[in-house]
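Structures incoming, each one as structure tokens.
The two complexes that follow have subunit A in common; it is paired with subunit B in the first and with subunit C in the second.
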Partner chain A sequence: MVKIKPNVAVSESGFLFNPANGESYSLNPVGTRIFGFLKEGKSYEEIRDSFMREYTVDHDSFERDYDDFVNMLKQYNLTERDEEEV
Partner chain B sequence: MKKKYNIGVTGLNAIDSPGPGIAVIRGLREAASFDVRIIGLAYESLEPGIYMHDHVDKTYHIPYPSTGTDLLLQRLEYVHQQEKLDLIIPNFDAELYSFIKLSDQLNKLGIKIFLPTLKQFEERQKFNLPDFGKKYDLFVPRSKPVFAVNDLYKLDEIDFPYLVKGKYYDASIVYNTDQAKSAFNKISAKWGLPIIIQEFIHGTEYNVTGLGDGKGNTISAVPMRKQYITDKGKAWGGISIADKDMLELTDKFISQTKWKGGFELELMKNSKNEFYILEINPRIPAWVYLAVGVGQNIPEALVNLAMGEEVKPFTRFDVGKMFIRYAYDMIVDIKEFEQISTVGEL
Partner chain C sequence: MEKQRYERPVIKKLETNMPNKFGTQTELAPKTHIDNVPVKKLIEEFGSPLFVVSEQTIRKTFAKAKKAFTTRYPKVQFAWSYKTNYQNAICNVFHQEGSWAEVVSGFEYEKALRNGVDGKKIIFNGPDKTVDDLKLAIENDSLLHIDHLDELYTIIELAGNGGKKPKVAIRVNMDTGVYPMWDRFGFNYENGQAWDALNKIMRSNKLELVGLHTHIGTFMLSANAYSVAAYKLAELALGIQKKYSHEIKYIDMGGGFASKNTLKGAYMPGTDTNPTFDDFAEAITSALINSDFKPDKLPLLILETGRALIDDAGYLLGTVISNKRLADGKRTTILDIGVNLMFTSFWYDHKVTPAQPFSHYTENTVLYGPLCMNIDVIRENANLPLLNKGEHVVVHSVGAYNMTQWMQFITLRPNIVMIDEKATPHLIREKETLDSLMSYEKVPEHLKKFDL
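On to the complex of A and B.
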């Protein structure tokens, strides 16, 4: 499961702030929702099912976009290092 | 009733590469534990702080450090006769040596200062940084003092790119010997010798300002990341951050050296998450008002330490608060400029 660092916060508008290094980012509404789910500790399957109920998206497309997003979070050091890979 | 202190403050050059004076004064004026009368001590007639009468009550010209400590002491004795100074907070790197040298004499006059000892001041000098790192077990970049252009050809252990740094101020990154020679000549003409050649550490730069009580205790420490940088590399905006490693490093620096006074650590975090100390500035930095704004009034705590009061270490600060500097034009009558220029007081 992807684990977001505990002190990283995101606002309702999608403004994300990492207090460890002062970096901030802007997430779009979909990114904000995924980030929120990850903060709540939801699994990939739970997040995928929730999105598939609400949006017209197939498994493969969701998985590809989800992986891109999660890789970006890792690259910016917003996730815990010892996470289990999805 | 609160005590009132008469405090001399230098570094009134609130310009694009600002001295810390005005930020220090703002902290002092917001102090909860005392009131202040601020006596500005200025080297030049156009230092903006001289004319900022909401901040500075009275300003006196003082002689440049290069004229020697005797002249400086004479001038400070005169200012003391007029103003009954309780304390002076020097804020320029280039003047600290003189003030540290004069500390006993100033103390006899009844003027306190709260600066690092001469030993602390000397061992953290840029050209002593490698020995400093070894002695206190701190990561520092490899560096070498250079006294002549030809020595640039004998830097086997430091590869390009590297930094060419002035003794007190200025730094250029260079990628070949021609650039290094040019930077050497330019910086040495302005700030003298030695020039320091320093290994370039790739990474992200951070700064910490803080205060040590001289007994090994950290009274204050606030880390900041620059967000907006001027062409001289000065922070024009920054944000307070929470990094446990950085605070631990600061505690280690203070406890190992028993640092006395305000300071700024310039740090670089490399790709292995190791912090290197690039510079130790032995005075309060110009961005200190951020520390005041997030709950650690360093200038106030420094004054209380200097006056022998008990000062409890700060335990928290607000994370994610930003400072954003701005430029502001004052309209000043020529009479004021005339007075500070001719009489040396305003």
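On to the complex of A and C.
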């Protein structure tokens, strides 16, 4: 499961700030929503089901975009490292 | 509850170092309709990819060009450059507007004849006119623009066999102060080749010298070069008048006017920087009017501009096949439009607009075509809104050359549709089929069977 670093903050408009290194980021509304779900500790399945209900998107497309997005969060060091990865 | 429109999730790092004045969004509104016909409907009906031509835009652009020249010069004639786009429906729009035909091969010549153009109103350019082409053109009183001495000798020989007196002009190349100088076509002005050819024509007594032609380059970004060219042709015409008491009927300034596309590497968009029809018209007509031609003896001015008249009228509609990330993290989008259909993407940064509403979020994206080849790149760098798989894009200003230089490579050429002035789409060229292409192939008997 993807865990966001606890001190990373995001505003409603999608402005994200990482106090650990002072970097800031901009998210689009879909990105902001996924990020919010991840902060709440929701699993991929819960997030996907919520998107299926609310957005015009199919499973496959969502999974592909979700994976790419989470990879970017990892690249930017915004997630906790999984234990097995360490 | 109605579902919200989905957009790919993105996260963009905010950089505070170097400001980038070209880094902002370039596409501000989606292109949902072309001449009031929904893009979505066009793709549903005619498939994707799809070339769409706007008849209204052709006529409006032509009117603009015609006005620029006819308000400055008394005798102007346009000739439609077939090689720029020789779909019959498109040629006929130009012929309805009064354009003659300008062709560069036997194939194009016969196409013009079949379209119903009077042979007298066909200008035959180019280095490769076969003996049969020349015979037919002479018979039809077409205007032969001679490219090289071998052609000149052939025409003199054909004229010697009796029959009609060929109507000829020579193509002249010259230094107009621009690089590269197009000296591979025609006879050079500065080194005397042009005079040499003209003397041969006049002394043969077998040909009727009716005009002088030049075509100084392509996608010219300087209108002034045309002024130099027009002045030099005027000098030649006046020289012939003085030496042989022979009046030239027309001066043909060729084409090469830049369209509004943006060349790769250009600092500013072409819409802001490229010369207008008025700029080109001012340069050419001023040079002719200010030359020593008597006001009542000004020659007819012929223009063969193609690109600037048709580019904006052509659109290419396509569909997103996939979004992908490269090894270095760069975003890419694969479209069903490749360089096989958009030859011009080798030298233009074509404007690409999504065909459906989008948010203000953008990503720097490489646009790839569907061909399994590394060179298949439509845009190397575009700040585009986020596109989902299956969504549509509209590529602008593809009317020139793409529908003639397109390649049949690993796939088939698509439909071309023309939208008339009443917003009705007409299929003007049917998409190719495997059957139509295979009908050209022959397999020898011993190769018809195999066991695997």
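By definition in this document, the second predicted complex is superposed on the first by the 82 of 86 C-alpha atoms of A that agree within 3 Å, B and C clash if a C-alpha of one lies under 4 Å from a C-alpha of the other, contacts with A are read in each partner's own complex, and residues count from 1 in each chain.
Criterion: a residue touches a chain if its C-beta (ideal position, glycine included) is under 8 Å from a C-beta of that chain, and two chains touch if they have at least 3 such contacts.
All of these numbers come straight from a predicted model, not from anything done at the bench.
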item	value
Simultaneous placement of subunit C and subunit B on subunit A, clash or fit	fit
Which of subunit B and subunit C A:Y66 touches, first, second, both or neither	second
Partner chain(s) touched by A:Q75 [first = subunit B, second = subunit C, both, neither]	second
Partner contacting more residues of subunit A (subunit B vs subunit C)	C
First (subunit B), second (subunit C), both or neither touched by A:V57	second
First (subunit B), second (subunit C), both or neither touched by A:A20	first
Which of subunit B and subunit C A:F37 touches, first, second, both or neither	neither
Which of subunit B and subunit C A:N28 touches, first, second, both or neither	second
Minimal inter-chain CA distance - subunit C and subunit B, angstrom	5
Intersection of the subunit A residues that touch subunit B with those that touch subunit C	23
Parts of subunit B lying in touch with subunit A, wherever the complex brings them together	204, 206, 224-225, 227, 238-243, 319-320
Contacting residues of subunit A [partner subunit C, same complex]	16, 23-31, 33-35, 51, 53-57, 61-62, 64-66, 68-69, 72-73, 75-76
Contact set on subunit C toward subunit A in their complex	1, 3-14, 323, 325, 329, 359, 361, 386, 388-389
Subunit A residues touching subunit B - in the complex, by the definition given at the top	7, 17, 19-23
